[in-house]
Amino acid sequence: MNVVKSKSDARIPVAVLGATGSVGQRFVQLLAGHPWFRLAEVVASDRSVGRPYFQAAEWRLSASMPQDAAELAVKDYDAALESPVVFSALPGEIAGAIEQRMAREGRALFSNTSTHRMAPDVPLLIPEVNPEHAAALDVQRQIRDWSGFIVTNPNCSAIHLVLALKPLHDAFGIDALAVTTMQAVSGAGYPGVPSLDMIDNVVPFINTEEEKMTEETKKLLGGFDGAFQPACLTMSAHCNRVPVRDGHTECVSIRFASSATPHDAARVMAEFRAKPQELDLPSAPKHPVIVRTEPNRPQPNLDRDAERGMATTVGRVRECALLGTKFVLLGHNTIRGAAGASILNAELFKVEGLLPI
Amino acid sequence: MNVVKSKSDARIPVAVLGATGSVGQRFVQLLAGHPWFRLAEVVASDRSVGRPYFQAAEWRLSASMPQDAAELAVKDYDAALESPVVFSALPGEIAGAIEQRMAREGRALFSNTSTHRMAPDVPLLIPEVNPEHAAALDVQRQIRDWSGFIVTNPNCSAIHLVLALKPLHDAFGIDALAVTTMQAVSGAGYPGVPSLDMIDNVVPFINTEEEKMTEETKKLLGGFDGAFQPACLTMSAHCNRVPVRDGHTECVSIRFASSATPHDAARVMAEFRAKPQELDLPSAPKHPVIVRTEPNRPQPNLDRDAERGMATTVGRVRECALLGTKFVLLGHNTIRGAAGASILNAELFKVEGLLPI
Amino acid sequence: MNVVKSKSDARIPVAVLGATGSVGQRFVQLLAGHPWFRLAEVVASDRSVGRPYFQAAEWRLSASMPQDAAELAVKDYDAALESPVVFSALPGEIAGAIEQRMAREGRALFSNTSTHRMAPDVPLLIPEVNPEHAAALDVQRQIRDWSGFIVTNPNCSAIHLVLALKPLHDAFGIDALAVTTMQAVSGAGYPGVPSLDMIDNVVPFINTEEEKMTEETKKLLGGFDGAFQPACLTMSAHCNRVPVRDGHTECVSIRFASSATPHDAARVMAEFRAKPQELDLPSAPKHPVIVRTEPNRPQPNLDRDAERGMATTVGRVRECALLGTKFVLLGHNTIRGAAGASILNAELFKVEGLLPI
Amino acid sequence: MNVVKSKSDARIPVAVLGATGSVGQRFVQLLAGHPWFRLAEVVASDRSVGRPYFQAAEWRLSASMPQDAAELAVKDYDAALESPVVFSALPGEIAGAIEQRMAREGRALFSNTSTHRMAPDVPLLIPEVNPEHAAALDVQRQIRDWSGFIVTNPNCSAIHLVLALKPLHDAFGIDALAVTTMQAVSGAGYPGVPSLDMIDNVVPFINTEEEKMTEETKKLLGGFDGAFQPACLTMSAHCNRVPVRDGHTECVSIRFASSATPHDAARVMAEFRAKPQELDLPSAPKHPVIVRTEPNRPQPNLDRDAERGMATTVGRVRECALLGTKFVLLGHNTIRGAAGASILNAELFKVEGLLPI
């Protein structure tokens, strides 16, 4: 692959697939001014192709569109890309073939799409949680005969849950957990959820979400020994859509394998630090899990932007008569829950010398 | 006590305490045109006294204020009432003394307030669930030396939960349950929850709600053998406030003592009928529990008014990996969850000859 | 045309075109139990055809689907209909040809769609406002050579405005008016407005709405003398979408031709009665315009259901420093603003002997 | 007055009165890291006194509480303050005496409260609009015999209107205008508007808001020649509360004295620059008025944070059949509409050497 670098800019050129959609816009926003990556290419569906990004994308984030992105001409999915690193915010229906082609062409493909998440040779990665799963790329290369690779990040409700669970699982072992989510509408993209379903209403159902949360949580907390070994825990999820723009709230009850008080649980979550913090990755939150002690936190409006949307906020850690420990957690679903997660994965790969450049 | 009856109206005169508040207004609305009870007196705090109800109450229900109620002059809490039957929507801070005085004066006091719900000699009653708890009034009379009595109805989130649990408990025995609520703002009265807490937000905390739900559920499903015997079950609740006007949604997971499939559970809930249905009480729903099969129901906007707000709607009955069975339920929190519950209790007492008239 | 009547039911069979959509569902709801019309046929697009209505329509009204409608098999747009009276809730893109065919086949077609509203031979009718415009059907028959006809009802924001303006225009003459609307999302149908555009937001634009409001208002308040003579008044509209389910709110400032105080204006609106009230049509409100005196009314949640959604509620009638008189009005946009308006037109035609039966 | 300066910090110490309320919190947030002012004192009502600010204030802004403010001990209204510059976010009921005492003590008091806004010797100031009104302080000192002074900033809906009107008034002269507002709930403080009034609702009334908007607009656009000369224009306002957290939207129609096309109007607004831009004041927006050309802007969620909440965004500039020109404007009501406006006034005074230090 022939990588063209800007003379005056030593940063790695990156492309965003599905750049005009909701998550695509977040990628564009979060990549603006990134110290290591330069947004070089925006890729979207036919009707946008050739137009400058500011015309093609109906920008719907409250922060303004980054100046550099505005003038990029939108490329189509078949275009030959210059970027060795590619972020995917593609719709699930079309992601499979396009993402695989990118990997075949030798690119590092970081995908937010669910298509490849549960594949037996694709890492589903959270740098704080299971960086060692990157080893699965050896298997991937062997099986697929790709010079590049595909790495995925989790579903927007799974990632925040697992960030809170990881230090608990390491310290006490998680036997069983029950989670009920109250998820924001931005998780469904745009146009997404009709306003007639959300004004003065709750929808107690999100298609395949409960299944995704459960299987992804087990993969993320599990091991890799040549194959993924899902964590042995019993999990049940209720997923709901509520009239909130951004920020998924989750009520969690847990049974630990070893004894732990709510105070112990709060402590290990608050003290949790991992690889991204040690490596001081540009998008890493200083505290991956923030534990609040007020009786009525976390709340979407007050806590979703904590650590620039990259942290999970936990509150109300207390006894659960049924499972032992319960709490509430909240995280930004399109930053740490989507685009930010993908970018953090790429940052980890950069530091570890795994990018194809 | 000297009961004055309207010449032309054989219905029993009733009073509503706290008649200008949110729940008070629901009492007034639901009593309009009631076949057995005639709203004779509206009682409220000092600043309303003497004014006609339509001036004293800032009416906030979408249906118009009933004509008969509009002209009633508001009485104060110390006024000598004519009504032998009294409904209480008093704030908890002042309910204790006033409600007890009513009972001492020989009145039947049906209270929606939490003050006396857990008292060892006060029935906490749902006619479909534990009508036999009325026997506790013998104890109450003995201890308190009242000629009247106090009967209470449950908290707005407990009552809908217990309506769904009752047929399950009878059929399969409930060992343990986890419930997460998404509660409407009308449950907090008016002015209640500030809009800054509810627009684009969720508040994962309602003061003392989790405790009330749990202890009331156990009392309601328990027995009475001279003393209340709370049901032996393990229960854990997460209570949340969401931007919905009316209708509490609850995600429930249950472990049964004996084996039961989700299909069995759905069936016994759908077939549930009890005393109010047999007696055809005026406010009784034909189906106390409605079981829907669509994947995305119940929803507050579509289901809260089922059976004129007196039923609980259940949906998504399915397997729970953790406890065996899970589902979503929804009910109107100020009709069956408050004023309607109290009126149904009074209807039961009327039919059973327990009213002091 | 061959009209088949049910033996046991002397009511006129009617069909609803576009029966599965938002306005179509309102037609179905409002026709349930109608004293003169019997819902005989529900007509919708291909993918619904042949299925029973309860399966084809994803019902989204809080009241339950009427029993009689539930079992009707959905017909396609090409089916030969039995009903001599047809209500149209068709999408604008396809309404033209289908509605014209209905009229050609000899049916009375009452349309809520905008397609024919401004045609020079089609009455745009509000029974309280311009029943004499029905005379345009003579022109229509002559020009089009139809045995049936098309009658339309106004846009959802125009109709409530004109109901309030009519008595004022008759009494004082309206020279000029400014109106700013805050419109509910149900006006855009389903899925309609995305929730990301409505949670914590206002959209100050509704495509072609300002133009429709203005031209329809002039046609409605104008005369017919063989041709429509639009009213001579200057009008300016700002149209906005706000996070409300049902009920359009409109802030109106008016300059009258003759002098009138706000008190005069309030009086003539409150006293307004017209043909539907004289004829006591089944869907007619007793008071087409309700004038409230509270400082903070009308409000969508409290006033949209006044007179079963068929009235316009006016409040805050006061002096306007710029134009003389100003007030706020509110009305239900899918009842009087759509399906209810069409049905009231049909009721008028029935009484006047203008239906083809 | 004895001003104590921090050794290591040459910035001017400032105090915020009413620091724990909604607007008070905005002051605290906006003063964090200010280049010229150092938040030295937070002053609030009795029940907060003596506690550190982070305990006394229930912080409700999505950004975290500034570290420096968190540890400040809350002072009471009678405390002797060290700060020569004081910002007031006091409730109207108590503002009068306290603000006057501050001025008497020699302090520069910049008030967001309405109490003194219309006083004949108090400048109501927007640096871009009427900086020359500062001359009224000579009158104020003379009449009141104060060594300090009171300067006020406008109501949250008036300020954004006037920012858009100013360049138009200068260029074409404004004869008459009609405005309808859709105002955010944060304008009412906390707890403020009950959620039962805002979920699925609009309230078409804000107490005294229409009067304030009108009289303040005339004072702001008028002259000062020893006395304030209100601008000669006819104005009518409809004020509404809508379910939006932050950001007031206003629909404006204008009649100019001289002829101007909508294109002319858009141009002069877009080109508007004034003293704060020339002086490059720290809080000044680069563009006080941003003119957008998309058909559906401005929107609260997308535009309220433009220029860090200090700009007014205008859109849909077009012909008005009634008054000639109309458009929509939007601005952040607690930043440029309150705390930010006050701080910008203080910055202007600093540069002009008018502060008592």
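In order of appearance the chains are A, B, C and D, and numbering begins at 1 in each one.
Throughout what follows, a contact is a pair of C-beta atoms (placed from the backbone, for glycine too) under 8 Å apart; a residue touches a chain by one contact, two chains touch by 3 or more.
Source: prediction; values computed, not measured.
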{"item": "C-D compared against B-D, more contacting pairs", "value": "C-D"}
{"item": "Listed pair (A-D, A-B or A-C) duplicating the B-C contact set, over half by residue number", "value": "A-D"}
{"item": "Distance from chain D to chain A - Cα centre to Cα centre, in angstrom", "value": "40"}
{"item": "Inter-centroid spacing, chain D versus chain C (mean Cα positions, whole Å)", "value": "43"}
{"item": "Distance between chain centroids, defined by C-alpha means - chain B, chain D (Å)", "value": "48"}
{"item": "Multi-partner residues of chain A (at least 2 other chains)", "value": "60, 197, 199-200, 243-245, 301-302"}
{"item": "Sites on chain B touched by chain A in the complex", "value": "176-178, 180, 182, 197, 200-205, 207, 214, 234-236, 238, 240, 242-245, 249, 251, 253, 295-301, 315-316, 320-323, 326, 328"}
{"item": "Chain C - residues contacting chain A, complex", "value": "22, 60, 185-186, 190-200, 243-245"}
{"item": "Complex interface listing, chain D residues touching chain A", "value": "59-64, 199-200, 245, 301-302, 304-306"}
